[in-house]
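What follows is one structure encoded as structure tokens, with my remarks underneath.
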């Protein structure tokens, strides 16, 4: 990146001569260096998977959450700085509550994604704040059916069939493109997500998989994938990986 | 059955805590901002307690008015404990004044997997309360730590809300019964519109206080079987229906048990008999009446 | 220490996607003295090192009781720790007022962490320079968390923070299988062992450390000097017993 040392990359309220805001790009860097997060929209719901590095074996297993419910019908997976991501999650919860109180209905996914994007965008406008170092994958299930959104530090929100962010995003995205998402059920999707995350995790560092979904099987509520199902998916993922190694 | 404000409590009567008390001294702008900076919004349950100064300030020449009487009201709620559970009952009427206006309003509501709320009084205030409880439930869901508010915590929460609203001279016009299991043991708590809260083995709100509780005192045992409890509740409902004009013969019974969790019955009617001599000739035993 | 353009304030991302000011704040935790915490299936124990700067002063208080079911040990800028403690007390008190019950530890910790995060994103603030070990017991059992200046928090079985805490962590990791079933006395023993492992010189005395614990049917309690003495004695005996070579070593004669 050509901003280093020019002085044009020190504040979010400074454009560089060729029209870039480097601080936003640097915040995106924090996301790109973090653990991989994968989201796919299957035919009956959305599956989110997060690769969490485990820093110490004294950590309590399953702690250090990175998928969060926003309300019963919506959930988010955090990529990047999780402390920053939590702040966005809190805002999303407030927006959802406010919408419910005002309109008496659950906030639709696209409304929430846009409101969240606007909030994230605010931190790209003033010199006295910095952009969030986190991107969020949001899964929702409303009258429009299951949807997957990606909200990035720059304040953009896009709807996806499937996407990945974080360190292993490139190869993860290639893998997702091979899936037939219109035919895949979430139950199968969980296994595919586990496979992808195990594949892109190349280092020998220990990591945990956090899987969450919202689908017909979860009663259209955003929940962590049941422990037995998650364990089975991981086992299948590892088996598939070993097979690839052998062949 | 709900009395008008003055008869409910002297605290709400005229002259007791008038506009001067309800109008906190206005903070100067410097004080106001200092106050803002120094105080933090507590993370739980603060919203209903917060006093919005702008709401207290009078608009125009008239002082700001709060609810002074209810409009659409529900009548008694009855509740008893029994071996391994709690049981609530109420009818499904919402009256507009003395008109039996809405006849299928559910006044027993499941709050979470171990708690039921039964409410009499202003139905719109009940709906407001239910919205708040729904937000609390969503909060628990979002925390995703497997913990949810227990019956006793909800009881405490609601009593704080009711009392704080009363102190803001803007009460929620309800009598509430919170019922559930607390550590596997039956729990009943009641709160009314001025924040009086207590817990007992059997409870009733509204007219039920006068009609059903004497029956409960005589017949209730904490170790009753479910059949006995149902029989007692049905008998109490019948008495309430005979003597409370603001009630209809369409009831629901809610149960909370360890094995089945919360269940709320479909509405049902009780067999009634109006041929009792006292009903046919109401003045028979009343001396000096014609 | 070399400096660069990106490390002087909290609202500037470095080209690598880091915030140096936050990382420096995490260094501040290491300037403090060691604090150790570990938990069993029933209890959580906090232990801190307490060196007085001179004979004429008392040592700084590093363990704070927040509520009956919860307390913290701080390392780093203790004044930041005290202000966080005030926040936590107020949160717990508010929870007790509203619900008449103890605030769930996870939710309090998240509030604290969210608070800390805000200080990493506003130009007029600085991150907290303190690490908190939060020990609590609620409906879900004993819980132990570490709250970091970055706004991250982690749940641990056992952890140590502050200067020279690596030695303590090494001890804790070596013995971690014993903790879940350990008695309260056993936990305290382990905490003191870990603490003395991090000691630069001299040995642990009842005046140079503090112990506090909380657990099932046990309100948060800090031990006074007199009640700490027996544990110190036991530690000495254990060290004397196997030549200070650690409890898992073979007997000296056999090696």
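Order of writing sets the chain letters: A, B and C. Residues in each chain are counted from 1.
Just so it is clear, contacts are C-beta pairs under 8 Å (C-beta built on N, C-alpha and C of every residue); 3 or more make two chains touch, one makes a residue touch a chain.
Protein names from UniProt, one per chain: A = Proteasome subunit alpha type-3; B = Proteasome subunit beta; C = Proteasome subunit alpha type.
Remember, it's a predicted structure, so these values are computed and weren't measured experimentally.
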item: Overall pattern in which the protein chains touch one another (line/ring/star/complete/other); value: complete
item: Pair of chains ranked first by number of touching C-beta pairs; value: A-C
item: Inter-centroid spacing, subunit C (Proteasome subunit alpha type) versus subunit B (Proteasome subunit beta) (mean Cα positions, whole Å); value: 46
item: Inter-centroid spacing, subunit C (Proteasome subunit alpha type) versus subunit A (mean Cα positions, whole Å); value: 32
item: For subunit C (Proteasome subunit alpha type), residues that touch 2 or more chains besides their own; value: 110
item: Touch list for subunit B (Proteasome subunit beta) against partner subunit C (Proteasome subunit alpha type), complex; value: 40, 42-46, 143, 145-147, 149-150, 152-153, 156-157, 160
item: For the subunit A and subunit B (Proteasome subunit beta) complex, residues of the former touching the latter; value: 65, 68-72, 93, 96-97, 100-101, 224
item: Parts of subunit B (Proteasome subunit beta) lying in touch with subunit A, wherever the complex brings them together; value: 131, 134-135, 138, 141-142, 144
item: Partner subunit B (Proteasome subunit beta), residues of subunit C (Proteasome subunit alpha type) touching it in the complex; value: 87, 90-91, 94-95, 97-101, 103-104, 106-107, 110-111, 138-140
item: Touching residues (chain side subunit C (Proteasome subunit alpha type), partner subunit A) in the complex; value: 5-6, 10-19, 110, 113-114, 116-118, 120-124, 150-152, 154-159, 169, 172-173, 176
